[in-house]
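Each structure below appears as C-alpha cells.
Each of the two complexes below includes chain A, the first together with chain B, the second together with chain C.
On to the complex of A and B.
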C-alpha cells in the first residue's frame, strides 16, 4: 500500500516512521501473546486449580486446630494506593476444625486482643484469603501471627517467622531498608 | 485557510486517525463484539449451561431449594453464591469451592437443582473480556497499562466520528436516500458502504467511544485516588450480633429464601437475580438484582443471624453523577435489556469492525495517494525543479484512475 506514496519524507525520523509505521500493529499484537501464559497461570491460580497459592508455607498448628497456609503470590508486597503495600495469604482449615472455627485473622506482630487480631480471612474454610498491609518499618525478624476464634468464644494463637511465611517480603524489606 | 482546504485537512485527519494501528483497533472491536454475546456463545458451546424444563409448568426452584439440592448431591461443597441469569434459557450459576480448594462455577438446573456440570477451566467469557478490556496485561499496581491502551482508543474513535461527520457533507440526507452502488467498482462500493454504515452507527459509535473514554477516566481517577463514590465501606456484622455457641458449633442462620423475602419487602419490585452467602462469620447475605432502572443493580446486606437489613445500595442512593458513571459499563457492553439489546450491540459491533476494514480499503485505494499529493503540493515551491516535475506528473493523474 505504501507504494502509492511517491514522496518520501525528508527527515531521518520521518523516513523511519514512514517505513515502520504499520509494524506498530505487530508490536501491539505481541503484547497479548506475550502475556497469555501469565493470564492462564493467573486464571488457574484464582480458580484454585494450581493449589492454595503460588508458594505453600505448610501446616500451622494453632491450639487444638490447624490450618494450611500459602503465599498467594510468591513475590514482594504490591502497592495499593494510599493503603500502602499489601500482601495476600491464603489458608485452608483442617477438616475437623471447619465447624468449630468462627473466624481466622492474620497480623504482623502479636495482637494485644481479639479485637486487634489483624485482617480477617474471607472465603470458605477450604480456601480463604486475607490481604494485609506491610508497614515500611517492619523488621526482618518480625513474626506473622495467626489468630483463630472458635464458635464457643475461645481464641487460639500461633506465630511463624515472616522469613518463613514470605521470604520475598523479607527480601523486599531488606532492600527498602538499605535505600 | 480556505473552506475547501480546511475540509481536505479534516478528511486527511479522518483518514489517518489510528491508521498505523488499524489491526489493533480491529481486534479490539472484534473481541468487544464477541464479548457482548460471550454468555450466549458459552450457552451454544456448553450443553450444561442450558436450562431444560423437565415438564411443562415445572416451577423454578427458589435459592434455598437450589442450595439444598446442591448440598444433597455434594454435602461437602461450600457454596459462595447462586445467580440466576436474566434469561430463562440459562442454568443457574453457583460459585462453589471443593474441599480440595478448587473453585469453579457449577451449572445448576433451575427446576430440579441437578448439578449439570462444571465451568471449563478455559473461561471464554473472562478471556474475551480480558483481551478486549485490558489486552491481557496483568493488573499489578492499580489499573493495568493494557486497560489504558485500549480505553484510550475511545479518543480516536470519537475523533473519527466527528471528523467523519464533518467531511461527509449533508450526511443527514443519507438517511433518506441510502446509496450503495454495486456496479461502480470496489472503491465506490466500499465508500458508499462506509458512509451508509457510518450514519446509521452514529449513536453506537458515540456510545462506545464515550463509555470507552469513561473507562480511561475511571482508571485515571482510581490510580490517582480520586473518588466520586457515595457508597460507604461494606458493613460487617457487629461482634455482639454473632452468637457465641456453647456447643462450639456454627450459629444457625436464616435461609436464603428468608433473606430474599426480607430484601423484597425493603426493595419494592426487586427480582433477586443473585444471592451471595456470607464470606465469613461477620459477613452478610447479599441479595441483589435490577430495579426500576434496568442498567443498575440494587443490593441489600442482610444479617444472617437476625435478618436485619444492615446495608443497602438503591438506585436512589446514587448521586446524579454516579447514575451517569455507573450506567457507562452496561451501556458499553449492552448487558441491560436481555438478548435483544445484546444482539443489537453485537450487530453494530460487527458493522463497526467492517467500517474499520472498509475504511482501510478506501485508504489503500485512495488516501495514500491523496496524502502524497497534498504533501507534494505543499513542498512544490521549495523543491528543486527536477523533483517538482516528477511530483507534478503524479499529481496530474485523475483521482478516479487510482481506484
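On to the complex of A and C.
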C-alpha cells in the first residue's frame, strides 16, 4: 500500500476548496435558473406573444394607410460599433393595406427623397422590424418619419414626435447632451 | 488525477464568470465615412458594421435640389474619391432600398 499522502493546502480557503470541490459543482446546475426569467421574456417578445414590442406607440395614420408601431425594446439606443447607435422598432400594417403597401421606411427627420427614406422594415406585414441609426446630432424635438410606398407607385408620409415614439431615446439624448 | 483547474479556486471562479460574458453580435448595418483630403477632394469609405467592405456599392453625390452631381461606385478598396462640388450637396451610400447612409456636407470632416 502506498504511504504517499497528498500535501494538504495550508490556507483556510484552500482546505475548504479541497474538501468540497466536487460537491459544489452541483451548484452549477442552479446557474441557468437565474437566467430563466429573462430567457422566457425574450422568447415571448421574439415570438410576439407579448405584443408587437415592449412598448406600443399606437396607430399612425399614413395617408390612406395606417400602421401600428411599437418600440421593440423600451430602452435607450444600443451601440453597433462604427455604425453608431441603433434603435429598433416593430410595425404591423393595417389589414386592408397589406396588399397595397410595397415597402415601409423609418427615418429621423423628413426624408429628402424616396431613395433616402431611411431604413426599410422587413418581415411579415403583420410584424415587421426595422433598426434605425440615431444620428449624433439628433435633437430632443426631432420627429420620426414613416414613409409608405405603394405597389401603385404612390408614396405617403407621416411623422410623430420622437418623444412620443421613444421617450427612452429622448431621455438618452438629454443625458449625453446634443453634439 | 484531478485537473489543475480544480486545484485553483480563483481559476475555477474565473471560468464560471466567463460563462456570463456572451453577448449578441447580429446586425450588419451599412456605414459610411467621408473625409476631406488634399486638393479639394473628398474620400468616402463604405462598409458594414460586421466589418465587411462594400466594393461596387453605389455612392452618389446629390445636390440639395436632388440632381445627381457625381454618380459613382466604390472601388475594390471600398472607397471613392471625388472633387468637392461647388454647390450644396450630400453623399448617399446606397446598398439597396432601406440600406442607405446619408452624409450631409456639414458632417464631412476637414483634413
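Everything below uses one rule, namely that the second predicted complex is superposed on the first by the 146 of 179 C-alpha atoms of A that agree within 3 Å, B and C clash if a C-alpha of one lies under 4 Å from a C-alpha of the other, contacts with A are read in each partner's own complex, and residues count from 1 in each chain.
By our rule, a contact is a pair of C-beta atoms (placed from the backbone, for glycine too) under 8 Å apart; a residue touches a chain by one contact, two chains touch by 3 or more.
In this text the structure is predicted, and so the values were computed from the model without any measurement.
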{"item": "Partner chain(s) touched by A:150 [first = chain B, second = chain C, both, neither]", "value": "first"}
{"item": "Partner chain(s) touched by A:36 [first = chain B, second = chain C, both, neither]", "value": "first"}
{"item": "Contacts of A:82 with chain B and chain C, given as first, second, both or neither", "value": "both"}
{"item": "Partner, of chain C and chain B, that touches more residues belonging to chain A", "value": "B"}
{"item": "Touched partner set for A:120, first chain B, second chain C, both or neither", "value": "both"}
{"item": "Partner chain(s) touched by A:21 [first = chain B, second = chain C, both, neither]", "value": "both"}
{"item": "Which superposed partner A:51 touches (first chain B, second chain C, both, neither)", "value": "first"}
{"item": "Partner chain in contact with A:105 - chain B first, chain C second, else both or neither", "value": "second"}
{"item": "Interface residues of chain A shared between complexes with chain B and chain C", "value": "21-22, 28, 31, 80-82, 103, 115, 120-122"}
{"item": "Touching residues (chain side chain B, partner chain A) in the complex", "value": "20-24, 27, 78, 80, 97-104, 121, 123, 126-127, 130-131, 135-138, 140-142, 146, 149, 222-223, 225, 239, 242, 244-251, 279-283, 363-364, 368-369, 371-372, 375-376, 379, 390-391, 394, 402"}
{"item": "Residue ranges of chain A in contact with chain B within the complex", "value": "1-2, 4-7, 21-22, 24-25, 28-29, 31-32, 35-36, 38-39, 42-44, 46-49, 51-52, 78-82, 92, 95, 99-100, 102-103, 115, 120-128, 150-153"}
{"item": "List of chain C residues in touch with chain A within their complex", "value": "2, 6, 9, 12, 16, 19, 27, 29-31, 33, 47-49, 62, 66, 90, 92, 94, 97-102, 107"}
{"item": "Parts of chain A lying in touch with chain C, wherever the complex brings them together", "value": "13-14, 17, 21-22, 28, 31, 80-84, 86, 103, 105, 112-113, 115-122, 130-131, 133, 137"}
